[in-house]
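Multiple structures follow.
Okay, so chain A shows up in both of these, paired with chain B first and chain C after.
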Partner chain A sequence: MITTETHGQAICLVDPNMPRLTAATATAFKDEVSGLIDKGYDRLVIDLAGVGFVDSSGLGALVGLLKKVGNRGEIVLCQPADSVMQMFRITRMDRVFKFLPDRAQALDALKEG
Partner chain B sequence: MQIIVADDDAVQRRYISIAMARLGHDALEAANGEEALALLMENKARIVVSDLDMPVMDGLRLTQEIRARKLDHYVHIIMVTGSGQSDDHKHALEAGVDDFMSKPFDAPTLRVRIGAAARLVEHERQMAEKTRVLHEAHERIRSDLEAAARAQRRMLPLGERSIGDYGFAAAFLPSTFVSGDMFGYFTLRPDRIGFYAIDVSGHGIQAALTSVAFGHLVTSEYFATHAIGADGRPDPARLARVLNGRFYKPDDDSYLTMFAGVLDVNTGEVVFCQAGYPMPMLARPDRTVTPVGDGGFPIGLWEKAEYHNLRLRLEPGERLVICSDGAAEAEDADGVAFGDGRLGALVARETARPTKELPDTVAASLAEWRGGQPLADDLTVLVLERSPTP
Partner chain C sequence: MPLMSVTIQPVLAEVDALAPRLTAAAQPYLTQDRLVAFEIAVVEALSNVIRHAGLRPDQPVGVDMQGSANGMEVTITDDGPPPPGDLFTRPQPDDPMAESGRGIGLILMCANGVEARRENGRNSLTLRFAAG
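Coming up: the complex of A and B.
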């Protein structure tokens, strides 16, 4: 179960609360965050600091969310561990997602934007 | 329901049988345990009402004999004991008796005891039927999956093959029956070889449907049409671009990673496009191993993805070792990944051994790392070698 912290009408901080975002967990994670987007929270910070492993399904779920918020919204990721970051680099998704070092900076970026 | 009534006292036996008939059951009479056992083997009776004391074979022995036979259904045994035989109950329970009735018994007691036994037997029959139906369904699914797995393997150029000075060897291990991996290689023109390996996100049947569809789509003609530019130059990035257009769907999270290359057999030059696939390793005879590529967008993940070509030269005796992420991500019992480091060291150690052995060696090392646990993700190992100069 993800935990969330809303900031205003559209901004929401999401903690996946899972050490691994994989085929086993990605669908449930995506469904939960999709629910938030449906409620109008389409400016999201997803904190990946506690996620130690993301597999291909996990990446698919994150990109699926990015596709869902589309041009209306924005997703900022809090910098994950280097091993997870490698997954984003090798698939070039480091160029598609916006990464910031921590929650405060990520939230500031969304509030300014 | 058939019920066996075992009692050496003919009057008592008759009394019980008539009571059973009144309850709508079909009593089969036996004068001792041996006769009861013979009846049980010949008929479908699931309930035995047996006297404890009988000549030839008593009720306790009969119970032990029934339990020892490990029948494919349960037999409910009700033991009839005289007054003052309650000490025998413990032994009888240990032998496998389910219920007791004391003599003299009356019709109402008999009715409720038999009613309870009949309910249990009926419940057991229904459970057995459900189990049978589930087992049949499971067998059908398993045999379907095995047929699908065979069909998928038939699509792959497995084993060892030589094309001129170049040799291919491969290992292909689905995590469950069918795989989201696929690979292929073809002679495009007398002096060119095209090859690819893909890994569909996730694994299992859904991923396998995509990988098989990809395998049927990307024939040698398709590869030659799209991975060679209008000017005749190799352009696997163009292939990636075409495939991205084909596999991208706005409402679908699945995608695939690909490594595709075009080899010039005369020069050993490989023009390749790395579309999110793990970096292959270039292994030299001096045991140095270097990763190849700098990453790239997967196929079907991002609509505006851009693709580019890179080049390398495969010198005589050098190998290109392509492994799906199932290799580096394979975890041991403590959750430690095999990792690129160990994979590179393994490939380096094996440089002196024949290319054809390398894919199976990698698979065996991963199996050992997993400590006997099956792989959690599909595995492909594809090795391309240029023969050493004679």
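Coming up: the complex of A and C.
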């Protein structure tokens, strides 16, 4: 189950709380974050520090969330492990998602945006 | 050299439990970058079998892993119906905003060799990873 930290009425920091974002876990993750978006939190920082592996289903869940926030919101990913970043590079999704090094910078970026 | 031979139940959580063990066993044979590619390809292949092979709970998935000076070889076997013959040769979708459909393309990108066979009523998929 994800943990969240809200910052104002629209910004939320999400910790997936799972070592692997994969076919086994992606649907539950997406459903939980999707519920946050439904509540109006459409500017999200997703902290990947604790996620050691992302597969195509995990990537698909993140893409689904990005599509859900659409133009009215934003998703910033932070602290991806090298192995996770490699998955984004292989699939060229490093060009689609915004990455920042840590939570503070990611939150600042959303507050300024 | 045989490194590991295991069977898992056809549930996705089993893939998450097994994949780190397979990657650890592959570590002496592959560089760090190739290890990541190894885990991506093997996870995608196992997940694909479990999601799409129509296996019953009593039909396990076999995983055999071999290492050599040339690299690694992983063979995944199952008793499901045969997959489409063009599974690994059909054009792969190229929509960056797709939420699914990347698995086969990732297997082909991450493995150095992919061989799918049907033998004695079993599906067999061998993934090869070059050393270095």
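In the analysis below, the second predicted complex is superposed on the first by the 113 of 113 C-alpha atoms of A that agree within 3 Å, B and C clash if a C-alpha of one lies under 4 Å from a C-alpha of the other, contacts with A are read in each partner's own complex, and residues count from 1 in each chain.
In this section, a contact is a pair of C-beta atoms (placed from the backbone, for glycine too) under 8 Å apart; a residue touches a chain by one contact, two chains touch by 3 or more.
These numbers come from a predicted model, not from an experiment.
For the composite obtained by superposing both complexes on chain A, the positions of chain B and chain C are in clash. Contacts of A:T25 after superposition: chain C is touched, whereas chain B is not reached.
Once chain A of one complex is fitted onto chain A of the other, the partner contacts of A:V96 extend to both chain B and chain C.
The partner of chain A that touches more of its residues, comparing chain B with chain C, is C.
Once the two complexes are overlaid on the shared chain, A:K67 sits against chain B and chain C alike.
By the touch criterion defined above, A:D55 lies against chain B and chain C together after alignment on the C-alpha atoms of chain A. The superposed model shows chain B running into chain C at a single listed stretch; among 19-27, 109-117 or 145-153 it is 145-153. Within chain A, the residues touched by chain B in the first complex and by chain C in the second are 23, 55-57, 59-61, 63-64, 67, 90-93, 96. By the touch criterion given at the top, residues 23, 30, 55-57, 59-61, 63-64, 67, 89-93, 96 of chain A touch chain B in their complex.
Touching chain C in their complex are the following residues of chain A: 20, 22-25, 53, 55-57, 59-61, 63-64, 66-67, 82-83, 86-87, 90-93, 95-96. For chain B in complex with chain A, the touching residues are 199, 201-203, 250, 253-255, 257, 276, 278-279, 295-298, 301-302, 305, 325, 329, 377. The part of chain C that touches chain A in the complex is made up of residues 11-13, 15-16, 19, 33, 36-37, 39-40, 43-44, 47, 50-51, 96-100, 102-103, 106, 109-110.
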